[in-house]
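In what follows, chain A forms one complex with chain B and a second complex with chain C.
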Partner chain A sequence: MVPPSSRTEILSLFRSFLRSARQFPDYNIREYAKRRIVDAFHDNKTLSSPSSVAAAFADGKYQLQVAKRQALVYSLYSPKTKSIMDIKY
Partner chain B sequence: MASKVLAAAVRRSLSPRIPTSIRSLSTAAAAVAEPFDETAGISMKGVKISGRPLYLDMQATSPVDPRVLDAMLPYFVSRYGNPHSRTHLYGWESDEAVEVARAQVANLINASPKEIVFTSGATECNNISVKGVMHFYKEKKKHGVGALYMRRRPRIRVEPQMNGGGQERGIRSGTVPTPLVVGMGAACELAMKEMEYDEKRVTKLKDRMLNGIRDRLDGVVVNGSTESRYAGNLNLSFAYVEGESLLMGLKEVAVSSGSACTSASLEPSYVLRALGVDEDMAHTSIRFGIGRFTTEEEIDKAIELTVNQVEKLREMSPLYEMVKEGIDIKSIQWSQH
Partner chain C sequence: MAAVPVTCVRLTTSMHNNQIVRKNSTFMIVPMGRIERGFPCLRSSRFQIACAAKPETVTKVCEIVKTQLALSADSEVAPDSKFSALGADSLDTVEIVMTLEEEFGISVEEENSQNITTVQEAADLIEKLVEKKNETA
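The block that comes next holds the complex of A and B.
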């Protein structure tokens, strides 16, 4: 059994997540990733049993790897012209 | 390509003292190669816009979720085996991935994996279902791949529309495209996990859009049922406004007036006519598609642009002026040509 993750570990995962979310050059994916991460961590605040916390933590670690990989892939193929939502008038 | 070769030849023949002119030559070559992507805005089909339009055409295609792409990429890059190859590891691993995807699709709709047939998309599913015999259930399309649910018991015989190697139990011959099928499976699994979250959010955005437009405009009608409806589809008619003119004026919003078949025809959508929408109103329809990646800011921007354009067009419309003066448009006898 995986030991329950400490508060600092969870906060550090949260911060790494937000950092990689910000790396997405695509406006829609980036905004979604930021929003989904905040909501997921917020929803999981109510988890109390050590096993469910550990499972959520492990899933989070895996999703972080996906986010890091895909932020790189998206940046390799990002169009030169930004979304009009990213252009400040 | 030719211009790049030319640029390289010019670079070789010129002295290295003038690199700036070479750079400008090569960017010019790049601009010719990529007319869609100029750094200072985009110009295509005579339309100039400062950035890529906000995308609200989710019923045409929707962006691939990065989690789905992450599942697909290995099957493009290194696991390229044919799932029907029985003699080597490449085939076995692809076959395994296809079967995992089949289970993921089945799981979403509470079916058995044995009831799922992979096809090229919804059109093919419909053709097998309708021409092949009868009322099976069309399931889902996704960028060049589809899945058909076919009840196992009592068994139904279908006439294959594609003949060949007998893949997919002979119902649909042709090599199953592993990366696309893997993507579809991943998308179904994700849909299952995210359904509640997405549904809540898309409904919220739809309400925001409808209320935002109705607060500022009269004569706005929702086409189709307001109750039995997928929240991510908002098909609106704007009275006294011509739909095509509205679409032309909304170049910063990617929307369409109905199904993808509208591109060449000025006829109103036959789907709207079948829903009982009057011909004049069917001519003024716009379909807004909202999805997982749509933001509040995009909705607000779309409201702003739509309202401005509708107001502008109504100001120019003699019909709208007559209505404001209290004339019943339907009572007018238009002269015949």
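The block that comes next holds the complex of A and C.
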């Protein structure tokens, strides 16, 4: 039986998620990832029962691994030209 | 300091009396020119004030907080206002810290981010980390 995840654990999951989302080389995917992470955590903020919190936390951990893998794969095959939004004038 | 042995230096000056003046010096010490280093100025002698943060840092932090929390442009964000008082929960605080990290190019540790509750604290931490980054760079 896994003990219920504390506030600090969830916050550190949030931070690691945002950090790995920053590493995407593609502008669109990066922005989407940031939005999606914030929305997901906000939606699940009001969960009360410990089982649903634990399920959401486990799902979050799995998605974090997916995001990390994908960031690595994308950076291996990133296009040479950057998106226009990345170029600051 | 180099010592140049000069055995004989003959100076011939023709004066009306045909006098031969001979200067004989055995050793002539020639200073080669040692570079005297003055005060070593390797470190910047700037005094580090621990409590104060630069005002432009504080204004930048205020701007970011306003954008993140979607506050109107004329709402008061004082340096000592707490994030929770402005309507931010813990997720918003983490987001604000991440945006500050990106803006200033620093990396905030886990424990440090737990302690940030007001704008002033965030600005001070940013100053400290920027200092450290500029020192090691």
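Here is the rule we use: the second predicted complex is superposed on the first by the 88 of 89 C-alpha atoms of A that agree within 3 Å, B and C clash if a C-alpha of one lies under 4 Å from a C-alpha of the other, contacts with A are read in each partner's own complex, and residues count from 1 in each chain.
We adopt the following convention: a residue touches a chain if its C-beta (ideal position, glycine included) is under 8 Å from a C-beta of that chain, and two chains touch if they have at least 3 such contacts.
All of these numbers come straight from a predicted model, not from anything done at the bench.
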Exercise. Determine, for the superposed arrangement built on chain A, whether chain B and chain C clash or fit.
Key: fit
Quiz item: Taking the superposition as given, does A:K45 touch the first partner, chain B, the second, chain C, both, or neither?
Solution: second
Practice problem: State whether A:D59 touches chain B only (first), chain C only (second), both chains, or neither. | Solution: neither
Quiz item: Of the partners chain B and chain C, which touch A:E9 in the superposed model: first, second, both, neither?
Solution: neither
Practice problem: Kindly classify A:A67 by the partners it touches after superposition: chain B alone (first), chain C alone (second), both, or neither? | Solution: first
Quiz item: Does the superposition put A:L18 against chain B (first), chain C (second), both, or neither?
Solution: second
Practice problem: Pick one for A:N28: touches chain B only (first), chain C only (second), both, or neither. | Solution: first
Practice problem: Decide which partner touches more residues of chain A, taking chain B and chain C as the two options. | Solution: B
Self-check item: Cα-centre angle that chain B and chain C span when viewed from chain A, reported as a multiple of 10 degrees
Solution: 110
Quiz prompt | After superposition on chain A, the shortest CA separation from chain B to chain C (Å) | solution = 15
Practice problem: List the residues of chain A that touch chain B in one complex and chain C in the other. | Solution: none
Quiz item: Mind pulling up the chain C residues that touch chain A in the complex?
Solution: 89-91, 94-95, 98, 102, 110, 113-114
Quiz prompt | Footprint of chain A on chain B - complex, ascending | solution = 34, 36-39, 41-42, 49-55, 63, 66-67, 69-70, 73, 197, 252, 292-295, 297-298, 301
Quiz item: Considering the complex alone, what residue numbers of chain A touch chain B?
Solution: 24, 26-29, 31-33, 36, 39, 63, 66-67, 69-70, 73-74, 79-87
Practice problem: Can you check the complex and tell me which residues of chain A touch chain C? | Solution: 7-8, 11-12, 14-15, 18-19, 22, 38, 41-42, 45
